[in-house]
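In the two assemblies presented below, chain A is common to both, partnered first by chain B and then by chain C.
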Partner chain A sequence: MNNLLKSFGPTMTAVILLLAGTWIIGMIVGPQLIMVEQSLWHNAKASDAVGVSVRIDKLYNEVDLLGFSKADAEAMQASPERDRKIAGIAASIAEKKALISKLEAHEVKSTRAYSLRNYAMMTGNHIAIFFKTIAASVAVTLIAFLVCYPIAYTVAKLATPGKAALIMLGLIVPYSINELLRIFAWLMILNYNGVVNYLLGLIGFDPVPFLESGAGVFIAMVYAYILFMVFPIYNAVETLDMAQIEAARDLGAPVWQIHRRVVLPHAKPGIAVGCIMTFMLSAGSYAVPYIMTRGTAAPWFTQLIYNKFFESDDWNVGSAYAFTLLVACIMFIFMMMRLFKVGIKDIAK
Partner chain B sequence: MHGMDVELNDVSMRFGDFTAVHPTNLTVRAGEFFSILGPSGCGKTTILRMISGFLNPSSGDIRIGGEVMTRVGPHQRPTALIFQNLALFPLMSVWENVAFGLEMRGWQKDRRRDKAFELLDLVALGDQGEKKPAELSGGQKQRVAVARALAVEPSVLLLDEPLSALDLKLRQHMRSELRQIQRKTGVTFIYITHDQGEALTMSDRIAVMKAGVIEQVETTDAVYNFPATSFAATFVGANNTFAGTITDASGDSATIESKYGLLRGKNPQNLAPGSEVFLFVRPEKMQTLAASSGAPNTIDVEFVRRDLEGPFINLFYRNGADSFSVHMTNARSALDDPAAQAALCFAAEDGMILPAGDVADE
Partner chain C sequence: MSGPSQTSMGQGSRIVLNVYLGIFFIYMFLPLILMVAAGFNDFSPPSVTVWRGFTLKWFGVLAADTRMWQGLINSLIIASIVIAVSLPFGLAGAFLISRFNSRFNGLIYGIMVSPLLTPGIILGISTLIFWRNIGVSGGLITAAIAQASFISSYTMLMFMARLERQDITLEEAAMDLGATHAQVFRRITLPFLRPTILTAGFIALLQSFENYNTTIFSIGGSSTLVTEIGSRMRFGLSPAINVIGIIFIVLTIIFATVYVVFRQKERARAAAR
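After this line comes the complex of A and B, so read on.
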């Protein structure tokens, strides 16, 4: 605070604080609070309320139909019969309108009922999807770590500067392409009649339903979020003094022990950050499972949330589900910090 | 623990076009404190890394205890390396640092803990074992690094300027401590340094190195008193330099013609008349004269500055662009008025005539 004042002066400090405050309240706290609030209520109606509403709708329909009949009658040639008919229809319309207003007066307005009902809705199939998503995201995180750690270590410590730059470029270039296109590329590769199955066919294997089995989602996700794992680990490993590795080696440590006792402990904060980012992105991913499964495999939890919001049009249950996912992600962060014994400060570094 | 000898046979090291170490022959005797002394970039660290096994020589072979070390990795050699920055493991406690090598050799925890504390006692850190390295002072870290290296019972301990990060007082203290540990354990120490004072105080023998070439390997006294090259004469200790040509050589002394007239000195390499040479005189062998006497080996000078170093006094004089220094003890007989001195002189047996060559930078 004092530093801010010293560096930027009172006016700029006020502007910075205002912008930061607006951002925190308007973009983070506000929407979350609204979502939590929404998740805690649902529209409650009396037991016969539905029947009444349906009757009112029906009566409105009948009134409309009578209106057409009346118009037909009015088009007839003038005669006493015509007048009688019109009068009869008008009477009928008036009668129905009276009934409508009576019913409408009787109709119960729906009320907000606060309860945990929206959260309790998550049972059976839904809870299975939730846990499957969490488990799958953990698996994606794990696979991404196993893939990224050797890459990060190689780039940071083994490769010559020129080679390291080349590998980094190779990692970054694909990310200049739109995410959807990258996922579509995997779709083409892993499709039932895609590249991989074609190659498998050449050596005599039957095609493998990668996408239908859900394996495609894994592969595409690991690929989609690999950078978020590589960079934090790379940054952490990069700061490790090469002499530490050499000292361990000189004292007789085999390669795996060097990693277990020297490199991994040093890289812990980076690994924690990488795991948290990859997990959050995987658990919150919508496009990857949507494109890669196209409904042929069980949905991701995010797809369920989307359906609640925009297909069932039930924002309350959608909010409850979204909030549940958020809580799961926050719990994952704390678990990671526990597991790696790192504090917020280490991660911030 | 027992020391082993280290032998370099025609060992050289090239990095691309750059030759870091020219073909070198060197024998370090078992159980001696051997220093490789040279300015930074002279290739001394490269030699150390080749002995430790982190670098493979471009040519030649290294033997430790008579065994050829080619294709033997650093972890299999009977050597332990102490790094310039010590490279203690910051996340492990002090005793775990010391026990690391034993852990890698499959020792049980209790046993290696006992051994680690035993070694920490040796370096007077028995009560600091549970701390993290960051909680120790520079000198203590130094000793932890020594204990960690000794834990694996090496026959050769390689030290890469480990004292360079310490302040002067501590450095002087650590010198004697390292020397003591070396005596106690009998392990061969190969010590890399650019600090000639360090090399002189600790070592049995010194190799003076310049630009990838070892110029002289001798005992400390011999290197200081009888340098073999101009570089060794100026890098190890200070020297006053007179350039000239030998006019007359007889026996073990010679006369040179310099811009200060004829100067006489010893001629240990029996250089022939006509040779371009430098005549070196140590500052502590220089004497001041109140007035120019015209006697041989006398140089007219004017006073520049007097530096008090406590027990010593350094006097600086110059003649034109040439500067000269005189080093005297701060005894009662020390000069009251160095500025009144008009000439310097030295005895012929204190002049050392060597072939003209590169001299160390000031």
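After this line comes the complex of A and C, so read on.
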């Protein structure tokens, strides 16, 4: 409590705790736990489910028939016998209805069976898609690092202030343009009758089905997420003292040694953040495969998850798949923290 | 600061680097330029290889598209909710971390930034499941809540950065002079945070407006401008989408230029001091 109470007094401290608590528990931890819980059970129908529903149907028919008899009885002339008959039929209807609702309650109350069954559903083809997604995301991350490191270093250390501002502008503009539009630009380029195939046609090649082969997804993904690598590395390299680089150079270190021994170690936290962001965005991307395949190529893992939720309406298996993806991302984060020897405080700044 | 190394760099490597930068920026901008060009082409589906002359008619087509307008309205509704939620949550989180010293700080901080490291679709899914259990099905509200769960992390980080530079003695002095906690908050803390509240609100607006992956999983049957664009890209391409691209790009260039110029000025001012 200490400083919080001292600065804000009891009322505002309570409000702050309430707000932060709502966010942490109601929007972060709670939903994640519920999702994990959902992934651990499935609806187990009672074994006699079919028999029960046949019985319910039969009872409904009987109730309908009794309804007709009752209507007939009501059409009779008023007499004690008529009243008795109606009462008898009504009692019989009520009895059957009670039985129906009892059976229905039993039928609806399918039990939640807890098991790892939902995770075991991920076999064969789905496992292959999962690993393909992870492998492709790692490849996107690697490419992004190789391409972006020289750019980030140039902006941070080599360019004159004016030129650096210009390059920065050239990075911020495509970075800020909506993800979907950046993907769409590549759809136009790689489409069957797109720009690349037009150019290939000019020099006498047959059109290449980029979208159908899945290559389109990869190309657009590199383009869409590459800039998430630049800025973290730039931020890290920028804090490096130029004197260190010059000292290394004066001592006769060749360029690659300067980078290996001076710049790269200093840029570690930035590289870790860049890799984590790029990987997470790629593995978790729904937009790129959705737009770039138009359903023609093998799906991305996120599309499997989407289908489980919104097409087969099986939220339990969907949750299991989603949690699997989350675990993969968490493992990647820990691997990066291990590899670059950085802590969570360095990552999220 | 960063200039002198130019001289110590070899002529050859400088050329290589410049060529590299050139190729990189062609790679970055050529797709966008093609997209803009196709938006002015009198031909559908969008294309630059079949040129039928310059036209502005796709702007008209877009303006007449009621579903897009509905999407825009939904986007703005969601963004307002997100701003209203993520500013107080982010601020409370930042206060908690910077003023509440306990051994759980690391854990709390880790949880608060975790949404930034979680794939967006998972935030959408978990929010959807959570709220369905309470009886709320997918819609604008769940989409806004799912977005706010990670946008609050952004605002929290921004408030934290600001609070780190706060001179806490001001608050203490006010308190010593008899100000109540509420007065200190209103007269000192809040004015100090004002610039951050504005920028954090703006970032929250942009993040919410641009979001696709989290939204598509949590919005149910409704749509925002961006999810509407997404479904158009998949089914039935029209140059009207390119026109949206043109509008986005123009707005982005304006904002980015203002930002970079502003930043340069800040730095020049800092250097002059």
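Following the convention adopted for this analysis, the second predicted complex is superposed on the first by the 260 of 349 C-alpha atoms of A that agree within 3 Å, B and C clash if a C-alpha of one lies under 4 Å from a C-alpha of the other, contacts with A are read in each partner's own complex, and residues count from 1 in each chain.
Criterion: a residue touches a chain if its C-beta (ideal position, glycine included) is under 8 Å from a C-beta of that chain, and two chains touch if they have at least 3 such contacts.
The structure presented is a predicted model; accordingly, all values stated were derived computationally and were not measured.
When the two complexes are overlaid on their common chain A, residue A:His266 makes contact with chain B while staying clear of chain C.
Once chain A of one complex is fitted onto chain A of the other, the partner contacts of A:Ala156 are limited to chain C, with no touch recorded for chain B.
Contacts of A:Val173 after superposition: chain C is touched, whereas chain B is not reached. Annotation for chain A, partner touching more residues between chain B and chain C: C.
Touch criterion met: A:Leu251 reaches chain B, while chain C stays clear of it.
In the superposition on chain A, contact of A:Leu181 is made with chain C only, not with chain B. After overlaying the two complexes on the shared chain, residue contacts for A:Val327 are found with neither chain B nor chain C. Once chain A of one complex is fitted onto chain A of the other, the partner contacts of A:Thr22 are limited to chain C, with no touch recorded for chain B. Legend: residue contacts after superposition of the two complexes on their common chain; A:Asp241 is shown touching chain B, with no touch to chain C. The interface of chain A with chain B overlaps its interface with chain C at residues 246, 249. Contact residues on chain B toward chain A in their complex (touch as defined above): 52, 54, 73-76, 79-81, 83-85, 87-89, 91-92, 100-101, 103-105, 148-149, 151-152.
Of all the residues in chain A, the ones that touch chain C in their complex are 1-4, 7-9, 11-12, 15-20, 22-24, 27-32, 34-35, 38, 147, 150-151, 154, 156-161, 164-165, 167-174, 176-189, 193-195, 198, 223, 227, 242, 245-246, 249, 255, 276, 280-281, 283-287, 290-291, 294-295, 302, 305-306, 309, 315, 318-319, 322, 325-326, 329, 333, 344-345, 347-349.
Remark: chain C residues 1-6, 8-9, 13, 17, 20-21, 24-25, 27-29, 31-32, 34-35, 38, 46-49, 88-89, 91-93, 95-96, 99-101, 106, 108-123, 125-130, 133, 145, 148-149, 152-153, 157, 168, 171, 180-182, 184-185, 189, 206, 210, 212-213, 216-217, 226, 229-230, 233-234, 237, 241-242, 244-245, 248-249, 252-253, 255-257, 259-260, 263-264, 267 touch chain A in the complex. For chain A in complex with chain B, the residues that touch the partner chain are 241, 243-244, 246-254, 257, 261-262, 265-266.
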